[in-house]
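Two complexes follow with chain A in common, the first pairing it with chain B and the second with chain C.
Then we have the complex of A and B:
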């Protein structure tokens, strides 16, 4: 008689979990903990043998006293707020337009999704080309419209660089937002609108009292995703500006990476990363608390 | 009458807004494509031509006869497929466990998986670099596959769990009575029923892996193992000026597979994207 080994359900359930838990634990959680740990030590990649030397918060002090950390926080927040606001407003407009549903939905959706399918580095290249100082299309357009007097090198000019990267980010993230909002809108029962129409509500009233409340969950989730995405943004900056000009686009991601892999100083890089992760976690918690309270 | 006039004005505004937003989303892609068909002399002409005066395929010939570009694309496919396979296996097992064998351990795993979405990869990549160095995995495509899987497994697991939740448990009960083992029941009965879910996580993972830049640029040291994004950045982006003909052409090669996926599977992609948020 063939005997199968009987294992209890809970053991079986845990076994199924193992591959995922192992990979995520070993390659996300372990490195996160290690990063925080390294941030308290002198740890340079240039040396082969690594005795970690406790350095009394020197890594933190170094980025704080030079003002780089504060600058990076400020830049990251500015960028995040700009992109989230623009993506949300434009996404809402686009979703409302498409929800009127007179177009070939499959085609418009596919076309609208194209930027979302464009790899981030290619997005960066594409917009570097659009913003190019001598032959770029944006200069051509703005000169034609009479909005600027002479061509601007957007990515080299300290006052425009951050906004230029933000445009690229908005372009790539807009499809996600409008698809989410559109899906939410299509889930709203049509009777709601009929009732509003019979009661004589105008479009704005319908929007404020029916559409927005119904979309609450979708809006909360997609804004949180957008916040986190932009807080973490790396390839756009690395490819478009590399943190320049004059550190005007040096975000936390860029500052971390530069310290770790350009200066080869893992300790300092880890310090920036640790400070950044703490703020990100607090920010996400505060945000979810805020929106939850706003609901009641 | 006033209401009529308002309606016309509203419609006009809607049309104008649609055109502007549509151009914003699509014109840059058109511009990329047009530039790739231009000869160098025309690319550096200002004001630029909206339609190329001389249409050339020379840039494409050059890209496709460049072995290293072909190697980047091949590597990108290897890494993206490898990641997709690993992620789909690990997350469908874990998602099934979360759906059918709820436990305290499972709850902890679920919460931890959700929390990973917050950690910036740049923040942990230096420690990851040390880990891979100790494992002798630096400069291997496997290092990319495993780190990309670690990034995509959390969302995929949560997503596929939702699909499993929608399948009735009576199927498993019936299979058990028939003497079918638990693992077999999962593989033969449950998995085929969750095809849309598997497709959604597969597409999500493939896109994430195709998009990778950070891991490749950090862990890969030699040109033969480099993937597309990192390869383009290393090869075509000079210190002073970029070779825009080559950059735009190779970019088209890089977006094409994604665009094809979108046209074929947009319904499943959207289902995957929206499943979490709309339900929750």
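Then we have the complex of A and C:
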């Protein structure tokens, strides 16, 4: 007679989760832990078979003392704020226009999705050519219209390079935002608006008191995704500016890559990545808390 | 059934071991030898036929030795070689850009070549070039192709600007006067022509160009004792010249060498500094340019003797190679006058060994080479510090600071000195 083993449903549930937890742990948490571990050691490929050497937080000190880490934080936040604000405002306007049926929705939606379907590297190359000082379309247009007297090298000028990359990022990410917001708007019951209009509410009032509150969850999720996307933005910067000119577009992602994969100093690269990860986690937690508090 | 499974398992385990045993035998030198050559040039379309022929010729002359090319893009090769070496799979022979050389030497990745190539070969290299290759009196790399930063100029544009096409500028002061005249020209579409191009793009090779400018004004980055010395009159004048070139619109902003080559090829740049082989790219865009191109040695500034970094493609032998002797044989073969003549036919460069020059009469009479034949005299040796690639990048940042950044030369030099001290001291 076969023996039956009794286990509680919670233990059984945990056992079922074990394979997935193992995969997630192995492929996500383990590399993160290993990266943080390396950040405390001298670990360079530029010295043959150099063993890992504990260096008393020298990797962290090094990136801090040169000012590159602080600069990278500043650039990353500037870029993120610029792009998130532009993407949200433009996305909201587009979604409102489409939701009101003032445009050919199917055509606009299809065309609007094109940038989202374009690989980021292709986007970067496309905009690099658009912004190219000598042969770029933007200068061609501005010169023909007489708006500028001589070509501007957008990507090599310290005062325009970050904004130029931000334009490419907005172009690429706008469809995601407006599709999300449009989907949210289309889920709002029409009766809500009808009732509001019967009560004498105007369009602005329905937008503020019905549309925005109903969109809160969509806005929170979309903005968080956009924040994270831009916080770790790499291909646009690497392809368009490489972090230059004068480190004016050197974000945390670029600084990490330069240290780890250009200088082959994995210790310093891991230190930048660890600092960046901590800030991103704190930022995400604070943001979630702020949004939650705003709800109640 | 159980026994059969065990036997199969043992065969499976033994199979890879037998492969390793074969590899071990080859490493002992008892069997045929395969030399792995990590190169970026092999990936360049115009050079592939030459490299195939080189491999075939070498293998025919050295039975039992096979060349296996490991091609990587230029920007990836250094990283790939270091990763392979740390994984115990270093290529036997490495093609190396001059700016990477100190990293390979300081990291202990490459073998000393003095004994492998012999004194006759080593002493045949021009002394100024050999000095730039030596670390503590030992040679770890041999230049395959060499060049200083020469000045190319477009004779047709010279004529249009009322300049003598047969008289190249010899000093920066003259070049700036010429640039003034050239900058007044427009191309057929009405676009402005740039007068004098100097690369300031954020890549190490641009740093070499900026350092060459420092040398030509009597500056540099270290003093005679080897200490960082950046805030000096020569460097200040060099950066002020660069700033003036930007402000007067002579030089395209933040241009990489490939940008300057493009502009030169389409007749929108009158003069610019480049490595001699850079013209290959320009001719690919505009083959008709050949008859209009003039070349001259690095310029002198403020009465100082002209100077340049050595721009070179080097060949190195890996320290971990089990076939160093065969690798040295390959270097000797590839750099023999006969092979160099074939290589020179597809891309212009300067020969780094005296016997190569003596054996190539066509080379010395080539109008694209003759004006710069005295190039070894202009070569200034640079530091062999493993951080040199970052030093070159810091030099481009200083150049960008005074041009597109609008910073004063004094401030840019003070910042540069601080950065270089943290790297080199």
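Some observations on this one:
As a convention for this text, the second predicted complex is superposed on the first by the 259 of 296 C-alpha atoms of A that agree within 3 Å, B and C clash if a C-alpha of one lies under 4 Å from a C-alpha of the other, contacts with A are read in each partner's own complex, and residues count from 1 in each chain.
Here, a contact is a pair of C-beta atoms (placed from the backbone, for glycine too) under 8 Å apart; a residue touches a chain by one contact, two chains touch by 3 or more.
If you're wondering where the values come from, they're calculated on a predicted model, not measured in any experiment.
More residues of chain A are in touch with B than with the other of chain B and chain C. In the superposition on chain A, A:246 makes contact with chain C only, not with chain B. Residue contacts after overlaying the shared chain place A:264 against chain C, while chain B stays out of touching range. Looking at the shared chain after the overlay, A:134 reaches both chain B and chain C. In the superposed model, A:158 makes contact with chain C only, not with chain B.
Touch criterion met: A:66 reaches chain C, while chain B stays clear of it.
By the touch criterion defined above, A:281 reaches chain B but does not reach chain C. When both complexes are overlaid on chain A, the residue A:150 reaches chain C alone and has no touch with chain B.
Across the superposed pair, chain B and chain C both touch chain A at residues 134, 261. Chain A makes touch with chain C in their complex at residues 45-49, 65-66, 133-134, 150, 153, 155-158, 242-247, 261-264. Those residues of chain C whose C-beta lies close enough to touch chain A in the complex are 79, 82-83, 85-86, 103, 106-109, 191-192, 201-202, 249, 252-255, 259, 263, 268, 319, 386, 389-390, 397, 400-401, 404-405, 419, 422. Chain B makes touch with chain A in their complex at residues 10, 14, 17-18, 21-22, 24-26, 28-29, 31-32, 35, 43-48, 86, 89-91, 93-94, 96-98, 100-103, 105-106, 109, 112-113, 116-128, 130-131, 146-147, 149-151, 153-154, 157, 181-182, 207, 210-211, 213-214, 218, 228-230, 232-233, 237, 242, 244, 247-248, 251, 254-255, 258-259, 261-263, 266, 269-270, 273-274, 276-278, 280.
Those residues of chain A whose C-beta lies close enough to touch chain B in the complex are 4, 9-10, 12-14, 16-17, 19-21, 23-24, 26-32, 34-35, 38, 90, 93-94, 97, 100, 106, 109-122, 125-130, 132, 134-135, 137, 139-140, 143-144, 171, 174-176, 179-180, 183-184, 187, 203, 217-218, 221-222, 225, 228, 231-232, 234-235, 238-239, 252-253, 256-257, 260-261, 266, 269-270, 273-274, 276-277, 280-281, 284.
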